[in-house]
Amino acid sequence: MTALYELLSVQFAYDQAMVLDIDEFRVAGNTITAITGPNGCGKTTLLNLLAFLQLPDSGTLNFRGQPVNVSNWSRLRKRVSYVQQKPYLLNMSVRENVELGLKFRNQPNNDRRRRSAAMLDDLGIAHLAERSAGELSGGEVQKVAIARALVLEPDVLILDEPFTHLDQRSVGFFESLITLLRDDRGKSVVFTSHDPIIAQVLSDRIYSMLNGRLVPCAMTNMYSGHVIADQHLFASSHLQIHIPEQIQSGTHLVIDPVHLVLSRSPLQSSMRNAFQGRIVALQEQSDLIKVSIDAGEHFQAVITHEAMRDLDIHFGDPVWVSFKSSAVHVF
Amino acid sequence: HARDSLRMATTTSTDNSGLLKVLHPPFEAQHDIRVDVIAVGTGKALRLGEQGDVDIVFVHAPDAEQAFVEAGFGVKRYPVMHNDFVIVGPEGDPAGIGVLTSASQALKQLAESQAVFISRGDDSGTHKKEKSLWNEAGIEPGGDWYLAVGQGMGAVLKIADDKGAYALTDRGTYLAYQDKIQLKVVVEGAPALFNPYHVIMVNPEKHPHVNRQAAEAYIDYIRSEAGQLIIRNFKVAGKQLFHPDVIP
Amino acid sequence: MDYFSQAIAEALVLVLSLDAEVYTVVWTSIYISILAVCLAAVTSIPLGIVISLKSFPGKPLLLQVLNTLMALPTVVVGLLLYGLLTRQGPLGELGMLYTPLAMILGQWILVSPIICNLTVSAVSSADPRLHTTCMTLGAGTWQQGLVFMSELRLGLMAAVVAGFGRAIGEVGVAMMLGGNIEGFTRTMTTAIALETSKGEFELALALGMLLLLVAFVVNGFLFRLQRKSR
Amino acid sequence: MDYFSQAIAEALVLVLSLDAEVYTVVWTSIYISILAVCLAAVTSIPLGIVISLKSFPGKPLLLQVLNTLMALPTVVVGLLLYGLLTRQGPLGELGMLYTPLAMILGQWILVSPIICNLTVSAVSSADPRLHTTCMTLGAGTWQQGLVFMSELRLGLMAAVVAGFGRAIGEVGVAMMLGGNIEGFTRTMTTAIALETSKGEFELALALGMLLLLVAFVVNGFLFRLQRKSR
Amino acid sequence: MTALYELLSVQFAYDQAMVLDIDEFRVAGNTITAITGPNGCGKTTLLNLLAFLQLPDSGTLNFRGQPVNVSNWSRLRKRVSYVQQKPYLLNMSVRENVELGLKFRNQPNNDRRRRSAAMLDDLGIAHLAERSAGELSGGEVQKVAIARALVLEPDVLILDEPFTHLDQRSVGFFESLITLLRDDRGKSVVFTSHDPIIAQVLSDRIYSMLNGRLVPCAMTNMYSGHVIADQHLFASSHLQIHIPEQIQSGTHLVIDPVHLVLSRSPLQSSMRNAFQGRIVALQEQSDLIKVSIDAGEHFQAVITHEAMRDLDIHFGDPVWVSFKSSAVHVF
């Protein structure tokens, strides 16, 4: 099966400053993809490409195997919906805003009415339908913007920090809605978030961005520091971590939580890195448990309930964290 | 407009006097023709004729009219009526030109006394007359005292009034403005101040769409006894403005 | 202040007398300027939107030219069209000179740069997210134009009102192309010019007041229209 | 097309001859309209900002009146000021009639409603958070006005350009209050009107082209100013 | 000492709709106050009053004992800084934006330069100083807005959802900055947030809002349902909770986390409410531990390390949650 999106050697710059520099990035269909990363790393810019608002300066952007260019992008735009980071509502009623995309698709009037009403009802903002868009609270604006995108029932939903301004109940609702879109409707979702937990829980794939580059893993275990080249070490403020020999430079190091191994005592193994720490947080998450360990740096590991029981580790207990040098990304 | 119409270009002074308002209705009723009056400067009126945008012109600039006809733009000039120009000036006539009977002498004296003179400066009939008078006097007017304002007669009178200056004007406009200004007639009746009006049909050979029938009917009418009597009887502020040329 | 009180008195007489002649002049002014402004709005608002949304080489120059065209003196528009419509001119055969149609054409040319420029300014001052929102929702070119019109209605209404003021208050085009023919192409402004040249300043001023009254009523109407469309 | 080609040829002659007389006329047009527009901008932009930010009873009426004043025919402005400045009038003693000062005053009156209205429209179309942001940062009334001017500079520049176009292209005020006195108050537009009345249409048109050229240069200058201020 | 803010019988409506209806609300000086609540409950509207952008329709708003009115509010505005929910940057450079408030206070030019540069440096956005405000990412805008408020060194800082769009590192930084402002500089902060953990961790006082009314406690343990009046019970979807006799109606019930008592077995006590559940999350927070219990409804309790040790409870263990009927708020 061809990928939904395929980006190869894509670069993008505003004025002179290079903002995106992506070697290879693929999004499979019927998946949820999360993108996290610090402010200004290029998340929004990437989503602008995925929503066909901008074209790469160089490189290839394919959608379902088809190269995107100025001649087809306005047509392709009708197959994706994009909720921008700071959504703009038009100076009309909430209902008219939600119906706008349907109007552009020349849906008949009563059909538009029905679908917008159902959507507003679903999102619990039916009472706002006839309110002017200028008279909404921050969270209400966000909900209307999401409704405006969802009502189009697009193949792909692109959401830039969709949960900002939403209260907890709404966040929960949208989380299940997004999962439902993937599971029951076969849709795909790409979203950004600064909340690593939401990104982790919700997505099939997490990508981290830094300075315009994509790294396929969560930002959870990210440390900044420098490479000590001839010793094959990475020095963060509190730890020295073994890294693969070929890596010569980089200022950030990331470890995927699933590659962390926990044990009550030091392990005799091929894993070059092993640190002792203390369990400072435990959290149930779907069928897994997220464990936070303070070992100079904070590590987050994800283990099963059985593993937890077998290990017999508890909140506050000392514990060892080990991982192979090949499990780290340096960039 | 279903009715047949005759387009006439005329000078603002003719139209402004109000003469056409009494002169035209009998003609329009009799021939079922509407006369569309386009009142503009003399130069522009002749130009509109030249371009064929009107059927007939009714102006007072003998030399320009002559040239217009000679160039073949117009068929023939018909005298219709005349009145006269006057030189007006501030009360008391500070330049003392009122005693002179020759218009060019009066202008000469004006120039010598450097009294302010307002000129139309717009190549209108009046302006052309003024230039010929200066010519006669052998003076090339210019300097601080000579202001060319490039406007209509009424505006010139207003400016002259404001500045306490002299000006050459047709009597009709002066009579119309008499109440609004303090200027007085200082020189009048000189033969050089004669001001004849002619009507000319635009040449249908040059401009085939010219409404020849109506134009000829109009010329006949305006020179008929009825037309001429209306001209003679037309009065502004109790004074006769125009003297018919066909009837005595 | 005799001058002004007399002008006001004459204005009252004009309004109250309901003279058929005055009525014709007022009506001629109104319908000609409204038609010209409608024509200009229909052509220039879309043009302005397109110009400001597209980027193309020579755009700054085009904008500067459009700005410059706002300085077109009415007489010059009159002269230009006269050159086309005179019997000798390329369109002379149509016999359009000295008809209301010629005046509408002239005022259209006069008003278009104003509406076009102010449209450009309204679009450029709009939130840039308006454009991207339209795109993300899949708007076609026409649909996007309509959305912009509705979203920028305040600024566009100001453009139309400015254009209307220009049209109903101008005299050069009306004079050159209409000819100030009584009962046919005489408008309030050409009548004012006529009375002024006759020295009937008070009457001219009274006509001016009448014109402002008419403009006031038309603007009130436009305002109501705008408020309704909200 | 003899008419137009002749006009273009005459325009070239006008520009290339660098005739002192032509130069005087051009300069008179420029300095009078620029001074009038500066005066109007300085008075009407602050006024427009205040009007749109304050709410007070009668505000809709005031806005409608301001809109209406955009329809002021130039001749009517001329008549109004004439009534004040004529020797018999209340300000006659000043002897201002038929001077450039009177023309500046008249164009100021003419242009002010345009700039004021377009300012109101620019402020009303601005993001409402601009106002609250100023307030939260503790801006005084004056400071807030300055911030609005800088923030809305695009719209305000459009207002000024529209006003300048109106001023340099108008003829009624220049004619009535300036008197079209050669070498003193003759502007490009009054010269155009004069040549037109003489039937020298081609020369008039050539002057019109010259006027547009001048307006083009001035607008280019304004644009550069605006870009610099960014 | 007089309160910093005092609101008595304050009401505020947009058009007809009543949005605020506050009986009594006081903010003490040198404290951090958090306000949480669902979308559209009136948080932003309340902050607008506190920032003197709007006046109450009725009731009293006092600032340091002085009634606020149109004659003094523009002067008072100079003593507070307000970061709005969706901050607006002016169309000028970042530095000019940050200096704007100082300019309004007629600070000399070099002083402005110095303070803005220092502030941008502190917030790690010195590299953005000469960038135009229109060319920033979402998080960068938020940081500049916060810098613009902080540089004025106001007595009171009012922040509406200040952490939206910020990456995790920046959130952490601003959290410590806010604490520092209170502890070292004697300032006061009022902020809103949808993140109950941030609200809890950061603030001295948490208020919850619902439908324009203020309730002085966190939203953490909030349940919706209805009152069964004659039985003095509140029925949520999963539990029935004893409530004080005088309460006759209400649709929401809230329990302050600190009033929850945990035990391994049922307690014989005066506490009318006792439910059995299971520990599903543990999290260290400053000196305390946050415990989440699933007992039909989710309860969040906060206990000390010693209490945790004494009780000897562990992740996944069964546990009893008890509380007095007087510990609940119904509204």
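Note that the chains take the letters A, B, C, D and E in the order they are written out, and that residue 1 is the start of every chain.
Throughout what follows, contacts are C-beta pairs under 8 Å (C-beta built on N, C-alpha and C of every residue); 3 or more make two chains touch, one makes a residue touch a chain.
Nothing here was measured: the structure is a model prediction, and the numbers come from that model.
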{"item": "Chains touching both chain B and chain D", "value": "C"}
{"item": "Rounded Å distance, chain A centre to chain B centre (Cα mean)", "value": "88"}
{"item": "Approximate Å spacing (C-alpha centroids) for the pair chain D, chain E", "value": "54"}
{"item": "Approximate Å spacing (C-alpha centroids) for the pair chain B, chain C", "value": "35"}
{"item": "Multi-chain contact sites of chain C, meaning residues that touch two or more partners", "value": "86, 88, 127, 196, 201"}
{"item": "Set of chain B residues in contact with two or more other chains", "value": "152, 155, 158"}
{"item": "Per-residue overlap in chain A, given as positions that touch at least 2 other chains", "value": "86"}
{"item": "Pairwise chain contacts under the document criterion", "value": "A-C, A-E, B-C, B-D, C-D, D-E"}
{"item": "Residues of chain A defined as touching chain C within the complex", "value": "51, 53, 74, 77-78, 81-82, 84, 86-88, 90-92, 100-101, 103-105, 148-149, 152"}
{"item": "Complex contacts: residues of chain A adjacent to chain E", "value": "14, 37-40, 43-44, 85-86, 135-140, 143, 160-161, 164-171, 194, 196, 219, 280-284, 289, 305, 308, 314-316"}
{"item": "Partner chain A, residues of chain C touching it in the complex", "value": "127, 129-130, 132-133, 135-140, 143, 147, 150-151"}
{"item": "Chain D to chain C touching residues, read off their complex", "value": "1, 3-4, 7, 60, 64-65, 67-76, 78-80, 82-83, 86, 88-90, 113-114, 117-118, 120-122, 124-127, 152, 154-155, 157-158, 161-162, 164-166, 168-172, 176, 188-189, 192-193, 196, 201, 204-205, 208, 211-212, 215-216, 219-220, 223"}
{"item": "Contact footprint of chain B on chain D as seen in their complex", "value": "86-87, 97-98, 175-176, 179-182, 184, 186, 190-191, 193-194, 196-201"}
